[in-house]
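Shared between the two complexes below is subunit A, which has subunit B as its partner in the first and subunit C in the second.
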Partner chain A sequence: MDVGTFLFSALYQFGDAFAFLVLSACGLAVIFGMMGVINLAHGEFIMCGAYVTVSAAHAGVPLPLAILIGALVSALVGAVVEVLVIRHLYSRPLDTIVATWGLSLIGTQGTLILLGSTMAGVGTPFGSFQVGDYSYSVYRLVLFAAAVTVLAGLYALFNWTRFGVMARATIQVPHMAAALGVDTRLVYSLTFALGAGLAGLAGGLYAPTMTLVPTMGTTFIMEAFVTVVVGGADVFLGTAPAAAVLAVVKATMTSWYGQLFGQIGLLLAVIVVIRVLPRGISGFLLRERA
Partner chain B sequence: MNALSRFFRRLEGPQTLGRGPAFWVGFVLVLAAACAYPQFSDGYTVGNTVYFFTWIFMALGLCLIWGYGGSLSFGQTAFFGIAGYSYGILTINFGAAYGFTFVALLLAVAIGALFAALLGYFLFFGRISGVFLGIVTLSVTLVLERFMAQTAGPEWRIGAARLNGFNGMSNMPPLTLPWPGGDIVLFPDVELYYVVLGLLVVVYLGLRILVNSPFGNILVAIRENPERAEMLGYDIRKYQLGTFVIGAALAGLSGVLYTSWGQYITPSSMGMTAAALPIVWVAVGGRSDLTTTLVGTVTVLAVFQALTIHGSQYALVAMGAMLVLTVLLAPSGLIFALARLIARPFSKRQPGDA
Partner chain C sequence: MTGKTMRGLRAAALTGTLLLSVAHSFTPAYAADPIKLGVLEDQSGDFAAATIGKVHAIQLAAEEINKAGGIDGRPLELVIYDTQSDNTRYQEFMRRVLQRDKVDAVFAGFSSASREAYRPIVNQFDGLAFYNNQYEGGVCDANMIVTGAVPEQQFSTLIPWMMEKYGKKVYTLAADYNFGQISAEWVRNIVKENGGEMVGEDFIPLGVSQFSQNIQNIQKAKPDFVVTLLVGTAQASYYEQAAAANVNLPMASSVNVGQGYEHKRFKPPSLKDMYVTTNYIEEVDTPASKAFFAKFKAKFPDEPYVNQEAENSYLAVYLYKQMVERAKSTKRDDLRKEIAKGDVCMDAPEGKVCLDPKSQHMSHTIYLAKVGADHSISFPKVWEDIKPYWLGEAGCDLTKSDPSAQYTPSNPPPKN
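Showing the complex of A and B:
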């Protein structure tokens, strides 16, 4: 293998890991960054997005549209969950984790009962291309592009829209925002729905690449947790750089020792990082400004 | 007599529900009933009760870490699994002669505790708290599960013990008491019941002494307000780490007892669902008190088993719903709320303490 193909292969694997980390974590990070709530049912929202996407694709909807439908349905479910459960627990953030864990149990087992232990998937689209002696899946590049688009979209949403301004006001000083006429309850609901929708989007995007089982959410949440912990509370200054750093760790470990050691590497990285930077990367970057 | 009353005074205090002669008479009655119970039942049912008992240690450990210490540890099953696997590896390699199974029990619990000390050092000395502590510990147990699940190949063996991947380890010897005139092998039956019941009483009373000691008071002070506790001169990291290790050791004890009970342990005992169950027991029972945790754990386990038998697949859905409803409607726990209700008429003489 010459240097060019080696570099390409390394870059490709980095991009793949980066996309996976960003997509699986951004929904969790939005909810955590805005509301201080860790949504342990995150994996189930991902699963929901994947199932809806695949069902829609089986019904004849073209895949990109099906993925959007999956994300929308997840967002809807998220909004319902927020109104029924999360809303009542804002004063007790630690209890929210426990409650969402209960929801996660219900989600996984409920899907198993209703839809059975597995569901026929859809094939990975776009085929593959050849560089050097190795062939690469085009879809992985699409996923990388999607991850970058999601980050850019979130940046635009929070910085350039009315919702973004209200949302940022609500995180900074909730009662002040409320006094200025922002409907903070609505903002919280929408933010939670946004996080759930992003989880659904991740599920929809990855649905063509994996087997659909009710426990598929657990394949994402470890990475999502780790990225959010390393990143800290800010989506842009935290999640994106954390995903970049962790992607290097994951890609390196995975290509040397396999998938599992990629995860173990991530876990060790996070334990070391929190010892050195307890407030995550965004806490470290924001120290100057705080 | 004086020594006895001093002992009793150590068991009571502001951190535990239940005090005075009435409570202890009740305690002795319950204990007597628990001792007499195997006489009125058959070996299978008694073995099943032992199965419930094995989990209580993990629940009590979680109650100490979460309820008293205020640290969310969602990865208790990691220590459960580590100790369970350690027990299997040790006993398969060294056999059960000369009471080695009990040495293996201690060693396995120590291994679990050591792992917790290492992990806890990074967490607490990095001043991780709140939600992050919960998700890091949960990640640890999930990774351990996946690690053990891929150890199916013959290259994954420690001595004579194959790790066996997703199918889990089996055929390790159960706990064996060395006894003149033939070892007593503690199969899930009446003998094991008494051993575990004895352990349970010791652990329960020990924890009551612990949480009512200065250590326990400081722990609660940290839960209520970490900054204040720190300003008062306590190194909260050491107290939190200590609690974490004790809780992990108890989870490890559960792991060993479970493994020896069924002569079987699998990676799924460290998975997401397994990790959620202790949270359900402790939250539903009432995490801020040892007694309510104990009662809650036994109750929820019994309900869960009944549900599993009658409605098999809906049991986990019911558990999840129970957890959500408890958090929404009775945040301090169902049994705890009930206990407070019962205790209210008796506590009028001592207003102000809870």
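Showing the complex of A and C:
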């Protein structure tokens, strides 16, 4: 095997792991990292996005549009959940764990009862390409591009738009923002819906590559929490470097010793980062060391 | 189902039986006591897709038996709990059905991890459990009756056939727990015995859904075919991802299609050239199979697929009926005396099956199912009356002693 093929395969594996970590985590980075709501129903928002995407695709909607519909429906569900449940629990973080866990159980079991134990998939689009001895799925590159786009979009949203400034202000000092005329309740709802929508987007993007079952969200949740915890509070400065570091650890360990060690490596990396940088990578980058 | 509705149902059933015994006051009261069957299967969680059909199959068989007069005149009553694909639930509910519900027999378990979780409890309370699932083999336990197929039935047919057709270089991709590890050991041994070569083995933790690295490993090793022993819905994502990366290798499996009906769930052609040895799937084209399938669909029209384990569960209820009626008792020791005679057989939807007295495992008709490019099923080969010979030959004889242990080819029963 020549050096070029090896480099490409290593880069591809890194990109694949990076995309999975970023996309599973970005919704949670908004809801947990930024807003501080420990959202155990994150996986169910992902599942919701995937199910809506596939249903839309089965109904004849082109896949990219179907993915967007999936994200929008998840955002809508997120907004409803915020108004009905989460809003009342911002000052009670431990209770949100129980509430969102309950939502997660309801989501999984409700889907099982209403839609059955599985759903037919849509198939992965775009086919494959060949580099050296290996053939790769083109769609995996699309996922990587989507991850980078989402990160760039989030950076732009929170730094360059009026909504972004208001959201950050509301979450940092809510009463001050309210005094300056910001409708903080609305901002909280919109921010939560944004997080839920991003989770739905991840579900929609991964739906063509995965088995569609009510429990599919759980395969994202470990990676999502790990990335957000390592990343810290800042959505962009946290998620991007955290996903990069963890993707290197995971891809390297998996290629050397197999999937089990990939997971062990991921968890060890988290333990080390939390010990050394208690506020995560973004805390370190922003000089907020405790 | 909650305990409350369960209690309600039980009360209703009791009232029903009471009315029945009043109506037929000439029958002795004890004869109308229901025979209770505990059913512990995953109706939610990661395994639900493959196992809800088992519960339905048991309900179908129970309904048929009750309509035809029950077991030896006694109605069959099901005590059903959802074990949620969770090993600790199996332990809780196994205690509950044996201690509180006092069932006569239990039908329980999908994953081998769950079976090994509940088996010590069955031993402790000296119960009788049916494991109606294909698995990695080797359980030599008088408290267990296994109606599912085992490796000597599924692999010693499948692997040599695949090696003859496609070549001698084999790659195994297996779930990383007792089922996958022991099955992979069987594959390794059979490949070696037939002069082949293992070019790679990968073990995947349960719940993993991303396979890019494994796909690359397989392409690097260049096998002639891949043995996929992947378990659970998360791991089933492999096929879609391998197809998208254009791996394009024939696959052989003992678990796919026959359990998780992946050929129905995925878009063609991701399962093209998948070969599976199974003792039943709904496509089996015999009159007995078609009749069973029609009955199943009549009672459960929304059933997505009637799989191997549904048929195992269905035949197990009838097998239990036969043993109880022959023994005129539901006591385990009386039933085992009937098993020891070696003629506990029946005509199941798959064909004739018999219970082996030494291991209390089942002989099967093994169908080689091939998945086509359009995900249609064909059967290039059928092996009739394949016996579960390994345990007996290795030295497990439950008619003489009960070690209550699980053995593997590298850890066979002790010779004495």
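One rule holds in what follows: the second predicted complex is superposed on the first by the 285 of 290 C-alpha atoms of A that agree within 3 Å, B and C clash if a C-alpha of one lies under 4 Å from a C-alpha of the other, contacts with A are read in each partner's own complex, and residues count from 1 in each chain.
By our rule, a contact is a pair of C-beta atoms (placed from the backbone, for glycine too) under 8 Å apart; a residue touches a chain by one contact, two chains touch by 3 or more.
Here the structure is a predicted model, which is why all the values come from computation and not from measurement.
S.K.: Check subunit A with both subunit B and subunit C modelled on it and let me know: fit or clash.
M.R.: Aligned through their shared chain, the two binders clash on subunit A.
S.K.: Return first, second, both or neither, reflecting whether A:G127 touches subunit B, subunit C, both chains, or no partner chain.
M.R.: second
S.K.: Taking the superposition as given, does A:P93 touch the first partner, subunit B, the second, subunit C, both, or neither?
M.R.: So A:P93 only meets subunit B here.
S.K.: So in the superposed three-chain picture, is A:A79 touching just subunit B, just subunit C, both, or none of them (first/second/both/neither)?
M.R.: The answer is neither, since A:A79 touches no partner chain.
S.K.: May I ask you to decide whether A:R140 touches subunit B, subunit C, both, or neither, giving the answer as first, second, both or neither?
M.R.: The answer is second: A:R140 touches subunit C but not subunit B.
S.K.: Examine A:W101 and indicate which partner it touches, taking first as subunit B and second as subunit C; both and neither are also allowed.
M.R.: first
S.K.: Report for A:L112: first if it touches subunit B alone, second if subunit C alone, otherwise both or neither.
M.R.: Both partners.
S.K.: Once chain A of both complexes is superposed, is A:Q263 in touch with subunit B (first), subunit C (second), both, or neither?
M.R.: In the superposed model, A:Q263 contacts both subunit B and subunit C.
S.K.: Considering only touches as defined above, state whether A:L157 meets subunit B (first), subunit C (second), both or neither.
M.R.: Neither partner.
S.K.: Once chain A of both complexes is superposed, is A:A169 in touch with subunit B (first), subunit C (second), both, or neither?
M.R.: In the superposition, A:A169 touches no partner, neither subunit B nor subunit C.
S.K.: What stretch of subunit B clashes with subunit C when the complexes are fitted on chain A: 23-31, 113-121 or 149-157?
M.R.: For subunit B, the listed stretch overlapping subunit C after superposition is 149-157.
S.K.: Counting contacts the way the document defines them, which residues of subunit A are shared by the two interfaces, the one with subunit B and the one with subunit C?
M.R.: After superposing on chain A, subunit A residues 108-109, 112, 215, 218, 260, 263 contact both subunit B and subunit C.
S.K.: Name, in rising order, each residue of subunit A that touches subunit C in their complex.
M.R.: 1, 9, 12-13, 16-17, 20, 108-109, 112, 116-124, 126-128, 133-140, 208-216, 218-219, 251, 254-255, 258-260, 262-263
S.K.: Residues of subunit B touching subunit A in their complex?
M.R.: Listed in rising order, the residues are 72, 74, 119, 122-123, 125-128, 130-132, 134-136, 138-140, 142-143, 146-147, 150, 271-273, 276, 279-280, 283, 313-314, 316-317, 319-324, 327-328, 331.
S.K.: Please name which positions on subunit C make contact with subunit A in the complex.
M.R.: Those in contact with subunit A are residues 44-46, 48-49, 52, 176, 202-205, 207-210, 212-214, 216-217, 219-220, 233-234, 236-237, 240-241, 243-247, 264-267, 270, 302, 304.
S.K.: In the complex formed with subunit B, which residues of subunit A make contact?
M.R.: 32, 36-38, 40, 43, 85, 88-89, 92-95, 97-99, 101-110, 112-113, 215, 218, 221-222, 225-226, 228-229, 260, 263-264, 267, 270-272, 274-276, 278
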